[in-house]
Amino acid sequence: MNLQFSDEDERFRHSIRDALKDLVPPDMARRTRQGVHPTKADLKAWNRIMYERGWAAAHWPKEYGGTGWSPLHVHIFEEELAAVDAPFLSYFGLRLVGPLIFTFGTEKQKKQYIPDILTGDTFWCQGFSEPSSGSDLASLRTTAVREGDEYVLNGQKIWTTEAHYADKMFCLARTNTEVPPQKGGLSFLMLPMDDPGIQVRPIITIDEGHSVNEVFFENVRVPVTNIIGEEGRGWDYAKFLLGNERVTNAHVPRAKRDLVLLKQMAETELRNANGTLDEDDVRRRIAKIEIDLDGLEWAVLREVIGGSRSPAIASALKIVASELQQHMAELAVDLIGARGRVYYDEADLERNDLAASPPEYVPGLAARQLFLRATTIYAGSNEIQRGIIAKQQFGL
Amino acid sequence: MLKESAERFVSGEAGFQHTREGIRFSPANWKTMADLGWLLLMIPEESGGLGGGAIDAALLTESFGRGRLITPYISTAVVAAGLLARADDFSTHSALLESIGTGQALVALATEESSSRYDLNRITTAAKRAAGGFTLSGEKIVVQDGAIAGHFLVSALLEGKTTLWVVDKDAAGLTRRAYRTIDRAPACDLSFADTPATLVLADAAAPLERAIDQARVLLAAEALGCMEAALSITAEYIKTRTQFGRTLSSFQTLTHRVADCYVKCEQLRSALFRALSLIDAEPRARGAPASAALITAIEAGEFVCGQAIQLHGGIGMTEEYVVGHYYKRIRAIGRTYGDLAYLRRRYIDLTQRSA
Amino acid sequence: MLKESAERFVSGEAGFQHTREGIRFSPANWKTMADLGWLLLMIPEESGGLGGGAIDAALLTESFGRGRLITPYISTAVVAAGLLARADDFSTHSALLESIGTGQALVALATEESSSRYDLNRITTAAKRAAGGFTLSGEKIVVQDGAIAGHFLVSALLEGKTTLWVVDKDAAGLTRRAYRTIDRAPACDLSFADTPATLVLADAAAPLERAIDQARVLLAAEALGCMEAALSITAEYIKTRTQFGRTLSSFQTLTHRVADCYVKCEQLRSALFRALSLIDAEPRARGAPASAALITAIEAGEFVCGQAIQLHGGIGMTEEYVVGHYYKRIRAIGRTYGDLAYLRRRYIDLTQRSA
Amino acid sequence: MNLQFSDEDERFRHSIRDALKDLVPPDMARRTRQGVHPTKADLKAWNRIMYERGWAAAHWPKEYGGTGWSPLHVHIFEEELAAVDAPFLSYFGLRLVGPLIFTFGTEKQKKQYIPDILTGDTFWCQGFSEPSSGSDLASLRTTAVREGDEYVLNGQKIWTTEAHYADKMFCLARTNTEVPPQKGGLSFLMLPMDDPGIQVRPIITIDEGHSVNEVFFENVRVPVTNIIGEEGRGWDYAKFLLGNERVTNAHVPRAKRDLVLLKQMAETELRNANGTLDEDDVRRRIAKIEIDLDGLEWAVLREVIGGSRSPAIASALKIVASELQQHMAELAVDLIGARGRVYYDEADLERNDLAASPPEYVPGLAARQLFLRATTIYAGSNEIQRGIIAKQQFGL
């Protein structure tokens, strides 16, 4: 298999690069570089800028407001976005519920939800995980009991990213507790987050940041028209979403940008360290990361262009990408010496009042390393992925 | 006896389980530690201490690790007290040492600078003779326990030599920027502008290295405590947590991971015992095992406490739960008295290059 | 089509399963390969070859890996043929190139010396003008396929430049000490004492590096074949082998190990595709991915084929069984056209130091 | 716990060192350094030398011909032996069946077997593993059916080290197939290897060396007096042997000597490589090995002096020691460049006719690395050891 960017691809890349020049506000770019959890204001502002250029949902078909670009062009576009430190647009509307709605939803639902997803006026969150479920969707317990034209929702979600930002949630609930979730028991429902029966409790993660939440449902009444697709097909739709994620979850464009920054940082620190850092070890670790990342990119491009070759590939990509993110974050912290144990408060960062007078790249690195411990846990822990590979690829 | 008393202390009022709302330095705990006679444990009897050995202190720090205690024990009671006890002019500093013993004085060691990377002699802070004594000028960063200390032991260059000074927190020309570290320990940066200082050691390189080797070994003991606690909590957790209709402990991958963690703990225990046995040997024979113990602690600790998070899954990632705090303490331990790069280089210099 | 024909070849008469009694170079296989037109596959049509690309050759070597074939394909048909096709004076060497194509000539590359450690320019063998031409003096070690070759391409210094020469095995002053390598490939040491030689390239550094980058990528492809075969044999083995009254595949530790091996195979496959796509790029853009592919092959291969032995248990340790042979081939692959230390340094030079 | 060698220990060490000076014949020492499987002649000759000094079984009690030294002195003695490249005496008589006989055997057995074990006149091998058993002694199938005053032995053993050297074998066989091996079904029997019903088939390992064998029993008749201890207690005795092995299997004295040689070799190669080896990486790998080995030694000394503290320790020692041996062997091969792929025939070695004109330490390194892949498999694979730890230490 030969895979090279054509001249046309290169022209496309340059046109994007030109268009993106100076588009990201500098403080927004700095926050992205520093790995701060993006603020809602940043996300909304950037979503609007992208929307105005028709690029909010670059990966969508044209008819729903996307660009209609080829997967390879979308990939190039995302690389260029990452290269200018653009914030990552909120995932849940544009990547998850949007495609779910335009693929399985009614015409009315498309009209009602899609435009606000594109503009960023409505933010979404995803209610999948539950306290008892961990990596196991089959054990979901939240119930949606039909009463007339409504479902009555009771239960609890956990690890709900951006629930504290979100205007709406789409979630999995058991619409039929008589049958197992895999066999028709699950459905996708959409609900407004300001329903009085919904309570959001922040979960502070070990980086002391707030990006995930617990969400409690107490007799939340959802009109039956808020179901996506057919009742009982939630399991299938969840698999559809996971299929969409197989490539994006590798976060290659972002990782490539991080590697550029990491290499710059390493040169700076190596220069300053003047022999007190272990240069060969640093260079070897960078080389290992770069080799793995180049390989990962190639694997993703093969998926993007050639379509999936094996059900185990997505799991392999997840394992490699998550470990790679961790290794990059670990190396970054190792480069900065004793400053790697300083706690940098995001407020200090905004006030630019920083302990240990660090270079710009220092604050956020230690917190980011801590937060990224989660990458080998979430979206199906790496142990789960190994189980999938053993089963799917080898029948073990 | 010391061991039991330490364990009682940690599992009683002091440990993480009981201070979860605000995991931070507790003056009350410190007072208790003073009352128990722990703060001058390693100081020779002739200097007013208990004349205990590093093995005794390691029993304490291992317990502190287990209880995830935020305490300036190592910085104040081991490093600072140890250096003050060896002061060129002991009489000048005996009162401060005594106050450490009663728990009234907290003394932090300020050696690290913006580009020292743990090398005690790679500093620019300078001492200078001034009217009526000496002053210091320069900057120190990430002073362990500096935010709560009343005095600082500060390294500075004088006539090309590394010297050690004591500075009062309220001294003229001293600016302190207090903050905390990822493990919730109090720290600070210090900036000296012609700040009056009193000499402790005119030739500080060797005594500093010795004191910090002790600190390294005791940090390794604390790391062992963290790892043991994190591992035993994890082993219990996987026995009860169910997934896919089975307890996690029915998945062999996870139980074998626990076994790997156990092996790492045992490796650290051996490296630690070795370093403790050689802690009073000559610098080369002391420095290599001390570095080896901390290297092992950092590597094994990253694995064990990292896997404690991994095996817990999501809950392990939360600030509310305990295993993440063990992990963060290990991360901080690995960046206090040397990191892997520094310690490995030092170990190699001591063992693979001719003297 | 090439792929199927390669697989048929390997699973038919040529593969390990069928030559188990004596795993060694088979002249009959070589003849078949010549008949199939594989031996000048990568040579441009104007030089008498098929004008195929490295991707085609990689399909072959991956199959050879899978079948654990002992073949001088890379050394003769890729490296030597490729260099002869680029000879300064092609007409002098076209006959030898043609004989490679028919399978009659085996030509081995002799570049490594006692202290070169894979650096093509770190040599002491010297060329010197003599009556009627040139002679070589010096020594070469571990010449891949040297024990069966009829000719050698030999690197030597002439006026400070790395030059390349062809030497007949029966040339005067040439001593050959034949032996084999751990993977049962034929090798030799060569000693030249005023041995007559014919010039191939007067400025050989760049073409040699290019030819060897091709060899590296094709070796990586062969490693992938070894790994895939070892892994699939292992996965089947653990399904049937019982221990403690259960099949081995009921132990999650083992099935997850198989999954880890799969991930490594996929990583190598990606690195390989990348290197193949860039094999004709300029030296820097070609060299980094070529090195990366072989680095990945060596590391992933050590893991996958090592675990194939581990998961088999005792039987995997026997010479009679196949997985050990895959492992040994990986070990040899990692010491042929550069080892990890050399390849990493080269990769870093190409990617982290400015041009 | 404080552990330091006393002055008396040091005096002991020096007395041994003096006594061992020039005791090992140089070619024997070279073969040991080169990691050649020891020849029977070497083993017999060295056993005799040791015997004459009363040191053949240094670790045995005095009454059976040992030295009666403390475990710490035995450890020091073994270190000094390793330091002069003495061959490792055959394991099976001196380490295994000897102690089994003097602990559980009859007076007659002691008189009959012990003297020849001490002199080295009788070599033993151990029949434990079977084709179907791997790491699982409970699945042994070899049967010993009592007929009158004899057992009739049928079955097969595998991985039998030195069976081709051995004069006698002690083996586990099922004397009662009605009860499980753990519950009285197994016994230890001793048999002469020249019995016509015994067939030994060599197994060539991937290093192309011959040290292990398959052994077939066909109606081998063993007098009932050849049973060790009581019938049916084989399982207990096997555990007794494993207990004895918990420390010796770590091979610390030998590994310490290997590390000395490895460090010397590294300095030579680094000097010659003149920048083409990755010096920092080599030094870091040596440091890692040394740190782990020092730790392992300390762990062993704690066992030697303090006795066992936890049933999981032996498994931990086995895991660490086996991986350490592998890492040392791997580094050694990595140091020697392209010579690391040369196959050195033991015959070439003896003739000193060696390919690629290598330094003395080169031949044998590649084969040794290959052979040591077995360390993580034999004596209970490392996976088995992890299972033991999980169960014994954590109740998992």
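Chains: A, B, C and D, in written order; residue numbering restarts at 1 for each.
Quick note on the criterion: a contact is a pair of C-beta atoms (placed from the backbone, for glycine too) under 8 Å apart; a residue touches a chain by one contact, two chains touch by 3 or more.
Note that the structure is a prediction, hence the values are computed from the model and not measured.
Colleague: So which chain is the furthest away from chain C, centre to centre on CA atoms?
Modeller: Farthest chain from chain C, going by C-alpha centroids: B.
Colleague: Would you say A-C or A-B is joined by more C-beta pairs in contact?
Modeller: If we tally the contacting C-beta pairs, A-B comes out ahead.
Colleague: Just the number, please: Cα centre separation of chain A and chain B in whole Å.
Modeller: 38
Colleague: So the centre of each chain is just the mean of its C-alpha atoms; given that, what is the distance between chain B and chain C in Å?
Modeller: Inter-chain centre distance comes to 53 Å.
Colleague: With centres defined as the mean C-alpha position, give me the chain B-chain D separation in Å.
Modeller: 42
Colleague: At least two partner chains per residue is the criterion; list those residues in chain B.
Modeller: Answer for chain B, listing residues that touch two or more other chains: 251-253, 256, 344.
Colleague: Give me the residue numbers in chain D that touch at least two other chains, ranges are fine.
Modeller: Correct list: 278, 281, 284, 383, 386.
Colleague: What residues of chain A sit close enough to touch chain B in their complex?
Modeller: Touch residues, chain A against chain B: 129, 132, 134-136, 138-139, 158-159, 203-206, 208, 272-274, 276-278, 281, 333-334, 337-343, 348, 355-357, 366-367, 369-370, 373-374, 376-378, 381, 383, 386.
Colleague: Once bound in the complex, which stretches of chain C touch chain A?
Modeller: Going through chain C, the ones touching chain A are 55, 235, 238-239, 249, 252, 255-256, 258-260, 262-263, 266-271, 273-274, 276-277, 289, 292, 295-296, 344, 347-348, 351-352.
Colleague: Under the stated contact criterion, what part of chain D meets chain B in this complex?
Modeller: 1-4, 263, 283-284, 286-287, 290-292, 294-296, 298-299, 302, 312-313, 315-316, 319-320, 383, 385-387, 389-390, 393-396
Colleague: Please output the residues of chain D touching chain A within their complex, sorted ascending.
Modeller: These residues of chain D touch chain A: 278-281, 284.
Colleague: Going by the contact rule set out above, which residues of chain B touch chain A in the complex?
Modeller: Per the stated touch rule, the residues are 112, 114-119, 122, 139, 141-142, 177, 179-184, 187, 189, 241-245, 251, 253-254, 306, 309-310, 313-314, 316-320, 324-325, 327-328, 331-332, 335-336, 339-342, 344-345.
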